[in-house]
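For reference, the structures are reproduced in the following blocks.
The two complexes that follow have subunit A in common; it is paired with subunit B in the first and with subunit C in the second.
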Partner chain A sequence: MSTFVIGLSIAMLLFLLSAGLTLIFGMLGIINFAHGAVYMLGAYVAYQVAATTHNFWLALCVTPLVLAVVGAIIERLVLRPIYDRPHEFQLLATFGLILVLEEAVRMIWGLQLRSIATPPGLSGSVHVFGTDISKYRLFVVVFGAAMVALLFFGIERTRLGLILRASSNNAGMAEMLGVEVGRVRTAIFALGTALAGIGGAIAGPMLPIQLQMGFSVILDCFIVIIIGGLGNIRGAVAGALLIGMTRAYGQQYAAEWIDIATYGVLVVTLLVRPQGLFGIRLRTA
Partner chain B sequence: MRQVKHSEVLTVGVLVLLFAAAPFVTGDEGWLYLAALIMTWSIFALGYDISFGLTGLLSFGHAAFFGMGAYAASWAMLSAGLPFSVGIVAAIGAGGLSALVFGFVGRRVSGLYFSLMTLMLAELISIVMTTRLRHLSGGVDGLPGVPRPQAFGIDFFNAANFYWVIFALFCLTLAFCAVLKSSPLGQALRGVRQNAVRSEQVGFNVGALRLTALTLSGCLSGLAGALLASLMMYVSPQLLGWKMSGDVVIMTLLGGSGTPVGPVIGVTLVELLREGLSATTEHWYGLLGVIFILCTIYLPEGVAGLGRKLWRR
Partner chain C sequence: MLELRDVDVFYGKAQALHGISFSVAPGDIVALIGRNGAGKSTLLRALAGAHGLTRGERRLDGDIITRLPSYLCSRRGIALVPEDRQIFSSLTAEENLRLVEVLHPAGYWTRERVYRLFPRLAERRKANGISLSGGEQQMLAIARSLLANPHYLLLDEPTEGLAPIIVDAIIAAISEINQQGTAVVLVEQNFKVPQLLANYFHLIDSGRLTWSGPPDRLDEARDLLIVGRS
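And then the complex of A and B:
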């Protein structure tokens, strides 16, 4: 049971990141290589806020705002000039961003491991069904589930979501109908980085904060979105659950094979269904 | 046959002469080592460019071919005690074979999917080599004492003598790339890059062409890996890491992919930057990132492309 909750909490973290990735891809047609670096930056920002104010909840609120601003700046400066280039160049530009963001974090916070104290009230564990479950992990699961619901509602049921979907489906037509596509793109990218920031903040008390944290998690996210189908949020939920559970149960029963198993899932998916298990491709990559 | 431009022949010639002149200009071991390093990485970048510049396959997994080449050569020479030449052949084979596997797994995906797939397959190999195959790879510590060639009573542990070995292979690689690019195969690969669907319709087997390009690219990458291992006399799983793939992508793009000298210029620039900036600032890698982003936005054809524009003017 506790493994199950751990798996769910990993899945929620992966979902927050993959949702941002897949949103950005679906709407902007760009694979944001630097998403892991943004997540890492989020964790450091959350650490800084939590360390100075001693308040985790404040950190959880401030981090996405800071990261949204960073995302908007990145979109304006780096991505806006290259939307009409081949996909490869967009991938390359975001790859350059990784180097810049990592260096910035190294300059500000150094190489030391950091961590965020578990917020009071969520430390310790609860006793359910004969096992101990960390309260914080339970919080992550509930919080993540709430974010999933919020995202789905926002995208599929609100006017704002309608504009987003319209701009992604046919940017030219949306523009003709009075949507400022440029602003929508900035907003989407900012939303994606804010989600990554939230991910970094909630990962803070669970995982050590370090420079390498972004890269290891971004590979898992790529697996999630490939399994789920690029640009498909429903697929991202399923993919995140699959990889989260593989990680948690693998850690429990066959720790040495876990990475190999995770990548194995990916290779099989690519060989059998390269468009993803849930992929309905609207845009071609 | 594509007509060979005089400017290209000229730049390649100047470049080769520069590298050939280096040992006569300076006897300093440090500079010779740097020049040898640049040529080794140039072989890697030229190999990479067969995949990206010529065929349009953006791979983020070339570190796997490079690293496997380095390990194959090291195993052949260290464990089996085979001569250097066999080690080099083993490296070329290992690089090509890993590329063939990558190409086979990714034969149904293209574009961004291909980039992500290569990145993750390379990471899988890196993880397997670092953790599961620790007894073969030496784990995080790597394997020290990768030998250099022994032949004709020449001492190749002397920097200048080994320099000529790398120089010869560098020239061979340049020649190989030039021949490949102007051959009918090169022409077909260029067609695949420009319009895969049309190439398929005209009757080319696009899948096989992509696989061929990736394999050739992997062969050269493996060769470069073996040379680097022999140059540093050391091999470690770091050679398999994603930073290696990233470095070769940056170098190739910065110099200008798809041109005969672009990759070499890119390697030279990055290595000189590393040499010059790492002395004054420890944050040179971030600076490289900024330069790289600016280059992808404003100089998509790299430094070589800029040179070409100025030449025409």
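And then the complex of A and C:
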């Protein structure tokens, strides 16, 4: 049971990051290699706010706002000039961003490991169904589920979501109908970055906060969005659950096989349904 | 008045339009007729702000709007329905319409009226864009642009490949749209549909306007269209 909850909590964390990654790809057509670095930045920002104010919840609220601004700036200054350029430019640009972000974080916070104290009330465990389950991980699951619901509602039921879905489907036509597509792109990138920031803040009390934390998670995120289908939020949920559970149960029962299992899931999906579980098969033009 | 003055348009190194001057006045139905590759779609796109002009001007009511991005042209009352319709495939028919509703202030054309113009659309409102037939997509594309209550509606081959009964519905719709005050530019490959609607005709070939005139001089133009390259 506790493995199940751990799997869910990993899934939620993966979802927060993958949702942003897949939204950004769906709308901007960019594979954002810097997404892991942004997640790391989120963790450090959350750490700083929590350390200064001794309030985890404040950190959780402030971090996405700060990261949204960072994301908007990155989109306008770095990405906007290169949308029309070949993919290599975007690859290099987002890769370059990783280096810039890492150095900035290193300059501000140094090399030592940081961590965020588990907020009071969520430390320790509860005894349910015969096992001990970490309260914080339970919180992560509930919080993650709430975020999934919020995202779905926002995308499927609001005007903004409608504009976003139309623009992702066909930016040129959306623009001809009156959508200021440039602004939508900035908003999506800011949203994706904010989600990664929330992921970083949530991860703070669970994982060590250090410069390499982005790398270890970004690979899983790419696997998630490929399995789920690029640009698809439902797919991100399904992929995150799959990989989260694989990781948790793998850790519990066959630790040496985790990576093989994870990549195995990826390979099988690509063989059986290369467009992803929820992806649409694109006709080659 | 929406106009192009002495416009050149390039696709990379290839010149698609040569010194085009073209205008639409409020209330007009103007037809632009030409073969495949003659430059009809390019001219419409240039008119709508969907393609940049290498030389020349685009004007709206006297204001120069050459550099105005297409979303602002849309807000100023110019609507383009492209040849491939470009329905948002992952949205329902109704969502395709709602998108335009939230982007533009209300006017004569409301969702109600648009469904009355195309009753078939009302039946299929919950269907996903991708599952609509060609005729339904065309009706949706026109309805969608209408909801912006444009002053100028540019239609790129709206009847191409459609069954006669749907063509009739679209012709009737265009007529009513024009009667409600929207000027229409109708692009087609032949005179068949335009001669039922238009009050002025242009012929285009290899990026140049080769003939312009009112319906009573159409016979001159017909010969030009048959004879071939100018």
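Definition applied: the second predicted complex is superposed on the first by the 277 of 285 C-alpha atoms of A that agree within 3 Å, B and C clash if a C-alpha of one lies under 4 Å from a C-alpha of the other, contacts with A are read in each partner's own complex, and residues count from 1 in each chain.
By definition in this document, contacts are C-beta pairs under 8 Å (C-beta built on N, C-alpha and C of every residue); 3 or more make two chains touch, one makes a residue touch a chain.
In this text the structure is predicted, and so the values were computed from the model without any measurement.
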Touching partner for A:Leu162 - first (subunit B), second (subunit C), both, neither: second
Partner chain in contact with A:Glu256 - subunit B first, subunit C second, else both or neither: first
Touching partner for A:Met173 - first (subunit B), second (subunit C), both, neither: second
Subunit A residues touched by each partner, larger count belonging to subunit B or subunit C: B
Which superposed partner A:Leu122 touches (first subunit B, second subunit C, both, neither): neither
Which superposed partner A:Ile31 touches (first subunit B, second subunit C, both, neither): first
Partner chain in contact with A:Ile73 - subunit B first, subunit C second, else both or neither: neither
Partner chain(s) touched by A:Met245 [first = subunit B, second = subunit C, both, neither]: neither
First (subunit B), second (subunit C), both or neither touched by A:Ile226: first
Interface residues of subunit A shared between complexes with subunit B and subunit C: none
Subunit C-touching residues of subunit A, taken from the complex the two chains share: 159, 162-163, 165-166, 169-170, 172-181
Complex interface listing, subunit A residues touching subunit B: 31, 78, 81-82, 85, 87-89, 91-93, 95-100, 102-104, 106-107, 215, 219, 222-223, 226, 230, 256, 259-260, 263, 266-267, 270-271, 274, 284-285
Touch list for subunit C against partner subunit A, complex: 48, 50, 69-71, 74-75, 79-80, 82, 86, 88-91, 95-96, 98-100, 102-104, 144-145, 148
Subunit B - residues contacting subunit A, complex: 52, 56, 58, 105-106, 108-113, 115-117, 119-121, 123-124, 127-128, 131-132, 242, 246, 249-250, 253, 283, 285-290, 292-293, 296-297, 300
